[in-house]
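Pasting in a structure now, in structure tokens, and then I'll have a few things to ask.
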């Protein structure tokens, strides 16, 4: 497929990156059915680490097998597949070259007693496994967030120096943050902005609500209407260097398919770059998952309303 | 002995590993009386570290001598022998090339005031002593588990780069876990899954009970019957990448021989790869231990009911 | 002096060690009046670090001078002299080649606020100063013992690779241990065993009492008579790989000479390899110290009852 | 297979080596049909590098495929397979754990303008590929031999430190050596001795003629009868530390099978440890090669006259 | 044995060396029957490398075995044993601690086409094998001598930093030197002086003739009588910092025993520190060699005329 002007324009925004990082971003942006559109849909499968295998896979048992997810992402024509070390090791040989992969290099789990994650993969692993990017979670608000930021600072620098892109999962959590605040508009935009400031090439955040958490921030939002989700997406995109960085949104826990589609429409309409969608796909039977992903891709391509 | 199709199929699952790691896994899988069957029985002798010498060896005094255990494992036709640095140093020259060894690289002890272990051996030691693998314990649930994960992340990467396999002992303990929860089905499967995600080549867990600890996980287990131990083994195997990783089960404290045999049958019937069995053997007189191991090997070979 | 069969047999137990380590062990075992017997008496002078100069040396003022101790060890025909960096630096040139030295590489002091020690010397220092071994203290039971174990793991590996032996002082202390427990039989044997597992070439522990501290261990000691000190020494020796590692016992605080002699007899009769005896010698006038050491050497040689 | 006293006695000669090196030597000595006898037959396939593919493989076209040689060595029950990097890379995954491999780390070729070789593999490659040994050629007599010796000095030290054994091919060539001298008895024994002095664990030389090349050496051979090949083998073995090092002999260019068998008988009768036999096997059809190797193995086992 | 004033005085000359180097020099000076006298006799066995095995050992076949030489040096009560890597590896475990060893780290051979040597051992090997010193040959006069000097400059610095002493074999050879000149008085003294300047702790040279090779030097020797060998030894000793460095003399090719004894007397009378004597011992039957060494030791001890 020929490189499109849209993708060229996106790559031009990564103007301080070496050609290696650009080539890996290009691989993601030119992959699958959204290749060339500047939109992307990523399949992430780190829920086994976060919530355990049964909660993640029992509802659709074939998903216990790491090969299942590679194949799902490929068959659905997605842009990339993200997973922790062991999951990638178990399929990276078989599927080498078939889909860009993102090595999720830190992980938490249900039993964690602190709001933090363990570093469970490295840039050397990403190179060895042929990954296009590393993925790293930060918890803005957490007591340990400075440690997490320093870890990704080191890993991002190492990754970028060898042409590997960095995706930052920026999930506000812990510390003085209220539960409602975790999804607040101001907090989400702030979290996305910090990921951009940390040098993320792709930023992954949750879709925010219209709640504004910080008193000091309230004034800044006065007089603007954020009642539509698309408007909130637009604000997040704006917070990521006015659109100079790719931003994708996660769907959260499994939910009804109509809600999933509406999210995709709002992301598209707000100028977001796409979805990172895990449980909503692999916790459905494969046929249903493929049908859902087909529709989402269609939405991003503008083929669906 | 010619490599069997069974072992070839197992090795093929380690598709991202270099031939050095595969060769060391093959050495374990082709060793002893179970060589070629895809089943394995490992003798671990780290109880001196964990519980002290008298509790471990007084009942069978010849076992104070490190050579005793090498010889027991060899004479019983086992697959590998695992021990901490000093134990291996004291016999690795005499028994070089006679049985694959696993260097247990971290250890705790009865006096530990935290739920953690000390790193007491390294990959360079494993190479120098001719070991086929390193062994490392993580305590999922513990406050320090992220540190333990980061340690094994580093050591596994180093080991794999020089052809040494990694065995992870994944023992839930500490933090918010109840005592009953340590052996719960959901917790055990989760612990096994995390070891797989961390890149373990062989996963060692305890045989779980049918208790489900996590409320959030309960729903995933609804409507399934886990009353038989074999069914629980099967779920753990499934949680290790649908059987793409070798899983062995530990027997715990010394107990009656019938219980030990039943465990082996259940592991076999549930599709587990074998047993790691320490105190139940070396705390019996050598003749009895050999007879017991003979029977266990027979069970895994399908020669015993 | 010709190497004796006794010493050759001891060296053969260090079967994974290179000839450099064996040569340094041989130097200690062939030195002085006990050379060739497999027994050893070591003079340690780290009390200045541990208790301060006045408490250590005021009672016998010439002992403030580092040369005093080198000369005492040489004149008494001892096996080795152990001290911290500064003490060795102050005499290593003058006494080069006259007696094997052990660089005590970590030290605590009376003002310490944690149960730990500072690393105050290195393997490079040991080489530069012509030492045969490094000495390192661990405090089993202490909150920081894992850190101490990880330190000696690194230092031992480095030392052994360049032919330097390792002596581990294993002194239970801190954490959940009662004062009585520090000297308990089970605790002392456990401490010795952990030193062996950490790869110590020579293990130094205190003479244990007949108290058993751990409830879980009590059963292992049932029905055996540990009322004699020799029987307790024998159990410690057994716990050091059934005698495959050299074990020496410290005498503790200065005490009456008869008690010191009885300790030596018990160590000898229980199969221990010797004494490490500091304050009981250098806190006596030189003549008395020489007379005492003469008698102790005689006991180990079997010339004294 | 249980370790035999013969192999234990051989391993004991490697008294300064760590258990890792001993384990790899044991793997070779316990492999295949000669396992346990102290004899070994190695299949080397570096002729493609040395003489080009057509000269090496055209006569038996299946031998162009690297898998052919692994399988031949396995099916014939040989002790090890030796080849350059690319040849091993092309099969090391498939045949992992099936036969010990030796990475030939330097190579020459027909177009070389100097009597030297290029270093084309490393110890890290050997570890990664699961090799038991590295192989290195020196050309005693060549102008560049000091450089070659310094290369293997470095590589041997690195290999031994990580448990990898070293095989030295010692082939007199170049400089002041006459063509007849390359195979002279004195020169061959000298070449073998130098390999031993360089620390080779296994020494590979050519079968020498009875010619004595060096005037200064003639006197040392006076009055002895070296007309039989077995007597010459015996002298070479003697020159390798009186048999303390394993010595194998290469068969040279393809020749009649009777001559090949006679060589094996002479090596056996002279106390050599075996053959390294390449072109005489893989340049014959597979059936003939297997039949020939079967007979050679039989000769070494003493089953054939 | 108590350190003697003579040895203390010698050690005091090495005033810039660390205690490690002094301890190793002391080990050599306190070893064997000459221990404490300041005299030393070293057994060097590198002739297998230099002249080949048959020329070196055929005349006394037991000498093909590396253990033979360790045992000879020990039984004769010599000061040290020097040999290349392979020879030491083959016995360093068995004889650890029984006699100081010197690792000869460079070697030439009969087929060398340049006047140079290959570096075949390193300081790390010396440490690992428990050696007290490294030995290195330079060829003053050779075209390559600056390279050799730069090699030993590096190795000596490394060795001294870890407490290993350096012995320099200084053998004039090559370049513009005549055959007669190689043994000339001025050349020999000059060679010894350069070794001292390079930092050798022990200098090994050949016994010079009274010939003076350099025209420019002739004037300096005018009016002095160098007809006696002892006077020439005295001049060499003088050239080694007026006796501040140990100087030993080699005996050259095997010759009549009376000549050997006379050499020893002359070395003693001229103030040399001893002999390094290889072929004249190990090329004789063991009984004769021991008798000869007994007499030489007697000469140095002044017990023989």
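Descriptive notes on the structure:
Order of writing sets the chain letters: A, B, C, D and E. Residues in each chain are counted from 1.
We take it that a residue touches a chain if its C-beta (ideal position, glycine included) is under 8 Å from a C-beta of that chain, and two chains touch if they have at least 3 such contacts.
Nothing here was measured: the structure is a model prediction, and the numbers come from that model.
Judged by contacting C-beta pairs, the busier of the interfaces C-E and C-D is C-E.
One copy, chain D, sits rotated relative to the other, chain E; on C-alpha atoms the angle is 70 degrees to the nearest 5.
Taking the mean of all protein Cα atoms as the centre, the chain whose own Cα mean lies nearest is B.
Centroids built from CA atoms put chain E at 56 Å from chain B.
Separating the CA-averaged centres of chain A and chain E is a span of 72 Å. Between chain C and chain E the centroid-to-centroid distance comes to 39 Å (mean Cα coordinates, whole Å).
The mean-CA centres of chain C and chain D are about 49 angstrom from one another, to the nearest whole unit. Those residues of chain E in touch with two or more other chains are numbered 92-93, 124, 128-129. Contacts between chains form some other arrangement here, matching none of path, ring, star or all-to-all. Checking each pair of chains for touch leaves A-B, B-C, B-D, C-D, C-E, D-E. Here chain C touches chain B in the complex through residues 13, 15-17, 140-143, 145-147, 149-150, 153, 157, 172, 175-177, 186-187, 189-190, 192-194, 196-200, 214, 216-217, 220-221, 235, 238-239, 241-242, 244-245, going by the rule given at the top. By the touch criterion stated above, chain C contacts chain E in their complex at residues 2-3, 7, 11, 18-27, 29-30, 74, 92-93, 95-98, 124, 127-131, 161-163.
Chain contact summary for the complex, chain C toward chain D: residues 15-16, 18-19, 161. Interface of chain B with chain C (complex): residues 48-49, 51-55, 58-59, 61-62, 64-66, 84-94, 107, 109-114, 116-122, 124-125, 128-129.
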